[in-house]
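Next up, some structures in structure tokens.
In what follows, chain A forms one complex with chain B and a second complex with chain C.
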Partner chain A sequence: MKKQLFQLDRRTFMAGLATSVALPGAIGLSAGSAFAEAQTPKRGGTLTTVAWPGTTYMNAAITTSGPESFLSPKFFDGLLGYDFGMVEKPALATEWSIAEDGKRVTFKLRPGVKWHDGEAFTSKDVAFTFMEVLKVHHGRGRSLFADLQAVETPDDLTAVFVLGKPAPAMLKALDGRESPILPAHIYAGTNIMENPANTKPIGTGAFRLASYERGASVVMERNPDYWDEGKPYLDRIILQYIPDASTRTAMLEAGQADIVFLNFLPALDTLRLAAMPDFELVEAGYETSASNQQMDFNLEREIFKDARVRHAIAHAIDRQWIVDNVWHGFGVAGASPLHHDQRAFYTTEGVPQYALDLAKAEALLDEAGHPRGANGVRFELTIDPTPYGDESLTAAEYIREQFRQIGIQLNIRTQDYAVFIKRCWTDRDFDLCLYTAAMGADPTIGVQRFYWSKNFKPGVAFSNGSSYSNPEVDALLEASQVELDPDKRREQFAKFQQIAMTDLPTLPVVHTTRATIGWQKVKDHTVDALGSLGNLANCWIDG
Partner chain B sequence: MTVGSQSLIVRLLRHPSGLVGLLLIALAVGMALGAGFFFPAGPWTMAGPPRLWPGQNAAFLLGTDSLGRDLAAGLFHGSRVSLAVGASAAVVSILIGTVVGSLSGYYGGWLDDVLMRLTDAMQTIPSFLSAIAIVGIVGPSLPTIIFAIAIVSWPMIARLVRAEFLRLRTYDFVQSCRIIGMSDMRIIFTQILPNCLAPIIVASSVLVATAIIVEASLSFLGLGDPNAMSWGTILGNGRAALRTAWYMTAIPATALVLTVLALNLVGDALNDVLNPRLKERS
Partner chain C sequence: MPRYVLRRLSQAVLVMLLVVIGSFFLVKMAPGDLVDVLAGNSDMTADQMASLRVRYGLDQPVLVQLFIYMSRLVMLDFGYSPLNAAPVLDVIMGRWPVTAILVVSSVVISMTVGTVLGVISARNAGNPIDLSISILMLVLYATPSFVIAICFILFFSVFLGAMPIAGFATVGTQATGFAYAWDVVKHLAMPVAALCTFYVAIYGRIGRASMLEVLKLDYVRTARAKGLPERRVIYVHALRNALLPLVTMAGLQVSALVGGAVLIETIFGLPGMGRTAFDAVFERDTNLLLGVLFISSLSVVVVNFVIDLLYMALDPRVELA
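After this line comes the complex of A and B, so read on.
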């Protein structure tokens, strides 16, 4: 029966393929095709997708964890959306303007927007959400909105953000995933973390919650009163939580799921399916969750105080090899502390690069006073790869072999996630620490924390783990926090990238890319920088 | 019961499953001993292009894994770790089990009660789960893994030895030893224990097989020693590529199956050979 279904689908798709610009198997090229075709969207249909792990809440205003990040934008809108390249576009706010001094940001809100329960959306909701929820309960919001002193509401459709100092990064964090707007009439005066609406969302978003079975599934249905006329196109989105990655692959292959977002399939399975004509791989639409795999040198260790040792290690690791064989092509060789999706600021111009050169690595180590001993070993190090996913452990196995060739004996230490976090950021009992972390929609949000000396905070995970301190870098990072001129800000980050890659307290290993793999019939799921982490209002099913 | 080692081997070889089992074990031990000779670069060297299928390149007969490591080298060096862990864990659990079982069976009384309740308690804990827990808490390294496996598998030996002691301690030769004033320890270790070696030997072959499987399962789950390549490590590494390159899991899995099968065959054969009532059949 499965086979019949498959053939039927295949026939339908062959017809569609004739007009499609997507070349099956041409992974790099197919990225644009989902949104490049000018077909008329069809209304109706159900989109089924799978993910893991299950969610705790339904809104991402009170948590930064992954499952909520995906769900929240379906139920809730943000003030802004983002086109490719993180260019702001209207959502709940239709216009916005920044005062000369950068300390007042005025948002004109969209009229006629209703909450799912029929109440009208007003500027009170905006003020409440930022002042009482995001500033207090959101992991990144606490620091991002630290200088937000008040949200003034001169009328129902105007919200004015009053800032202690300019905050250019803030404008990149106002979407429904990062800063969803919650209804004040439901949350005001309640214990926000305990509010039942956290699992029974009432938003302004394109979809409403139809049913939720904890740890098993979330069913969303179309919001007929959505402010974006005629959207969403889908009647329903069904999200099933499936713990086993191979089962997720099998479900997509059998047509029990239409699409899988956020790399929820093993990389090799994704590539195998992408090579089939019925499936399409899209690597765009993850700009707000750009992540780097990086390796911290513990600069408190005597041996790493010499930059030559750090440079030698960088010369011994072929980052492209790790991209190809550990990430199976889903990434770009690490070349900057930023991520390449931070397009406005990312640069490799004038930024020192460390090409694979074992002879040079050995020369640098000799020069630094670490000759090979009688057994060929110069010194011994331990690496702690994060137990989150396999990629860090596998990359560590590769690094160990590279180190062996330049006379460094590397031991790999594995442990559970809690012990790993405690060892690297609290006890600081490590030499090298390898992990993947989000770089944020803006470098101030995600990158600064690893390099700013004031963020060397033992006890805080994913802070400045190398204990790097360079006054020049601190000055650049602090200036970029409040710089309103985009060109000056770009210069500051360019200089920062040059210095950070010269000092090399942290080695960027891979700028990872994420992928969506789905049946060809699913159209327009990735239409902007937010992709599947947006509201999927433009998504439709052909056939 | 006094069986010369010479004739034991000969009788094992005459036993059909004993012969097959011994040959397979000899092969595995041969691989372990020859690993350094055939693959001096070790199992971790990324010697070739990644994901090479078996037979695709004459230099890598069994192909390479997703990091370009020679699977044949992994298989040979992995046999060292797998067999060593299996044997050491079995020895440790036999030691613990024998001591507990013999004391319990010989003395009886409150000591028996205490030790047997302890054994009961250990047996109620699912052994694989507690191995995971121990490795998770202490941290994965070969000694920890050996300790974890031994800690969960000794109760079986303890029960076996206790049963034998309960039977043998009433026999006349034990009574006569007591009468001539032999010390308890001497009776236990020189008189009774040699007479219950047969079931211990049979059980130990199964124990080694179980230990190898537990180690492989731990490594498969990523709880193995990251600095030691065992068959389970290769299995675990190949898991992600199961649909695209099944040989990465099939090759170490075959080695595991054959080794465990061989140990069970030898166990069966030993049971037949050492059981006096079945002597005619062997």
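After this line comes the complex of A and C, so read on.
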């Protein structure tokens, strides 16, 4: 199945060139748009989009859940933004510098920024947000900012982060989605999780909340006092929560929605619409939410203690087949514990790969002392695919067929989400667990948790589920947490990728890619690494 | 009559108690709880999960949880829905009107259309008109409502571009009065029609049979003998008696639709009671689920009471005791 999936639009491509970063997978450019004239943005108009499920809160400082990740950056700014390739650019902070020893990071804040209620934004807000909110209530912030000892505020427009040890990953996690800055004057001294402002956001962001119907819709209106002069271009963004994916497709096709972000359409519908001249498919702009589909081996099971069994299983699964037929081309065959969007660190050089080779798989199983029995079966296993989306279940069905050929009988167990989470990470009552998880803007944020032995924490979802423990890997991961030299850090992660793929406690199945599909008239929705998970301030409608 | 009301009231309380307690145990029997779902959606430490369990009372034994819930319910406190970050009552109040309009309009429309078709069929029993209506009924009866819903969307919205697909009203407009009402009508036309089709067939079949039976009765012959116009004989004398089984069906339809329109609510993106209950089950949001079930069973009980009164109005021989 060969499809032209990577039709990058001109703006994305030029923006990519401008920052001298090659976009991975840019294998084809649609000729029509590549040579179009540059257009001046037009002000006004309403952008309608659809998503599911509905949101609980309106800011992502107190949760890492998906719906909030999309909404938060519209209402709240972060200290930084990111160009393609996760290159830092100014947002609420205009300048930043890291001290020699890496333990002090100084941010110069943008003057004249106002909260939606008219109060002035100051360094107090920054100090409050990091110390009282992100360090305490944010799922990833708790570990990411664990060594943040204080935020000093010598004046209203300077914030100095004082760190116990250097934290290079921190600078990749300061956008309005990962670390939105909350107003201290609204939140200080209150119960943060239950503050009414969690559903009536007061931010500094490009849009303000106009109305919210719980579980049905969110209407955002332009913030006329936004610090980025002249932006946003749109008057309003309407987000409707639509549970049925086919209905979302019908809405886009009928023009009742203008654009759909984050793979909220079925892959086949996305491809069908992308083939029509009125629609445009963009796969860039999801660098902060890069996700892998991966399969954990439960290393507490006797059978998986032998690496040969894990290798045999890897040789039996054609990951490219899963990319083509399960993900319909929206992904790359799994080759590393990292995601290819983590461009600075991702590598396959010297990293063991396990090409489809059933004969080799059988030989490895024989060698490991698991001969075929009288009925041709070597042993029996159970796989638990996540019920989140159908990709894991479909992939599990393929894996069952592959296993049958090498003499492993695989049972697929389906359950609802609550049971799945509890079984795999609390009860640890599984053999193989197949799911999709976010790898983070930096490997320290998103990848480390699956391989670090200190993160083997039964009861915590999406922790080290295989119960993998390798002191060498631990040392590499811990060193990379505090390594300021990018080259050394790259070497540490290269070594980590080699070892992780040799030990193979977790099999990376697919590095997924995400898609935005919208009408051609919607312009400039994806201008940097954050894409639709940014503030959409550059987005405009032509016509 | 007062004795009747009292008896019905005590029955209603019993029914609702059974519904709430029964569903409470059903939800608790399912493995995993709300905190597992929250932790799966958002990174959490074990400490945080434990403190959330304490906050939502999930650390208590199941019977204690039930006792706490019931004692709050007596004060009409439905509790808090963590996944909506709002009190359960607020969530339900936002969704109740959607379901109410959906149910009432589909009951009224399907009953009217079905009855008329049934009467026409009965009057033309055996001839081609009856046959074609019967075939139509069979098709409506056999086609699942979600298939009809999808066909509607593809034809009226995607192909013709005439009808709004999802939601209760256009989002973000400030329309009021007639303009708003018209907007709602346009949004609900397809879902209501899709909910109606099956019931039109049911009412049609029941109406036809019951009409045929009534038309054979002596009093109808008397009415005709008196020289009353046929129209009056059919629609006044005969129909009133033929309506009784249809009213019973209406009671069943209301009960079925209050929580059972999940598919249609899902397809048309209508945040109604059915969809809310459905999601609450998977999110293990016990408070919200029980709140929805409580309000739904309350309305079913009320509707059935009204239907009993209707019986009495239609047929004075029926006594409520």
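Basically, the second predicted complex is superposed on the first by the 506 of 543 C-alpha atoms of A that agree within 3 Å, B and C clash if a C-alpha of one lies under 4 Å from a C-alpha of the other, contacts with A are read in each partner's own complex, and residues count from 1 in each chain.
Going forward, a contact is a pair of C-beta atoms (placed from the backbone, for glycine too) under 8 Å apart; a residue touches a chain by one contact, two chains touch by 3 or more.
Quantities reported herein were computed from a predicted structural model and do not represent experimental measurements.
Participant: After aligning the two structures on chain A, examine chain B and chain C and state clash or fit.
Facilitator: Superposition check on chain A shows chain B and chain C fit without a clash.
Participant: Classify the contacts of A:379 with the two partner chains as first (chain B alone), second (chain C alone), both, or neither.
Facilitator: Neither partner.
Participant: For A:246, is the partner it touches chain B (first), chain C (second), both, or none of the two (neither)?
Facilitator: After superposing on A, A:246 lies in contact with both chain B and chain C.
Participant: After superposing on the shared chain, does chain C or chain B touch more chain A residues?
Facilitator: Counting contacted residues of chain A, the larger count belongs to C.
Participant: Looking at A:269, would you say it contacts chain B, chain C, both, or neither? Reply first, second, both or neither.
Facilitator: First partner only, chain B.
Participant: Which partner does A:416 reach: the first (chain B), the second (chain C), both, or neither?
Facilitator: So A:416 meets both chain B and chain C here.
Participant: Applying the document's definition of touch, where does A:325 land relative to chain B and chain C: first, second, both, or neither?
Facilitator: first
Participant: Give me, in Å and rounded to a whole number, the least C-alpha distance separating chain B from chain C in the superposition.
Facilitator: Closest C-alpha pair between chain B and chain C: 5 Å.
Participant: If you lay the two complexes on top of each other, which residues of chain A touch chain B in one and chain C in the other?
Facilitator: In chain A, residues 246, 416, 419 are touched by chain B and also by chain C.
Participant: Over in the complex, which chain B residues touch chain A? Could you list them?
Facilitator: Result: residues 44-46, 50, 66-68, 136, 139-140, 222-223, 226-227, 237, 240-245 of chain B touch chain A.
Participant: Spell out the part of chain C that touches chain A in their complex, as residue ranges.
Facilitator: Residues 30-34, 36-37, 39-46, 49, 82-86, 90-91, 94-95, 150, 153-154, 157-158, 161, 164-168, 171-172, 266-269, 271, 275-276, 279, 282-284 of chain C touch chain A in their complex.
Participant: Where on chain A does chain B make contact in their complex?
Facilitator: 246, 249, 266-269, 271-272, 325-326, 387, 390, 393-394, 396-398, 400-401, 404, 411-416, 419
Participant: Can you list the residues on chain A that touch chain C in the complex?
Facilitator: Going through chain A, the ones touching chain C are 46, 48, 50, 53-54, 56-57, 63-66, 139-140, 142, 198-199, 210-211, 213-217, 219, 236, 238, 240-244, 246-247, 250-251, 253-256, 416-423, 426, 457, 459-462.
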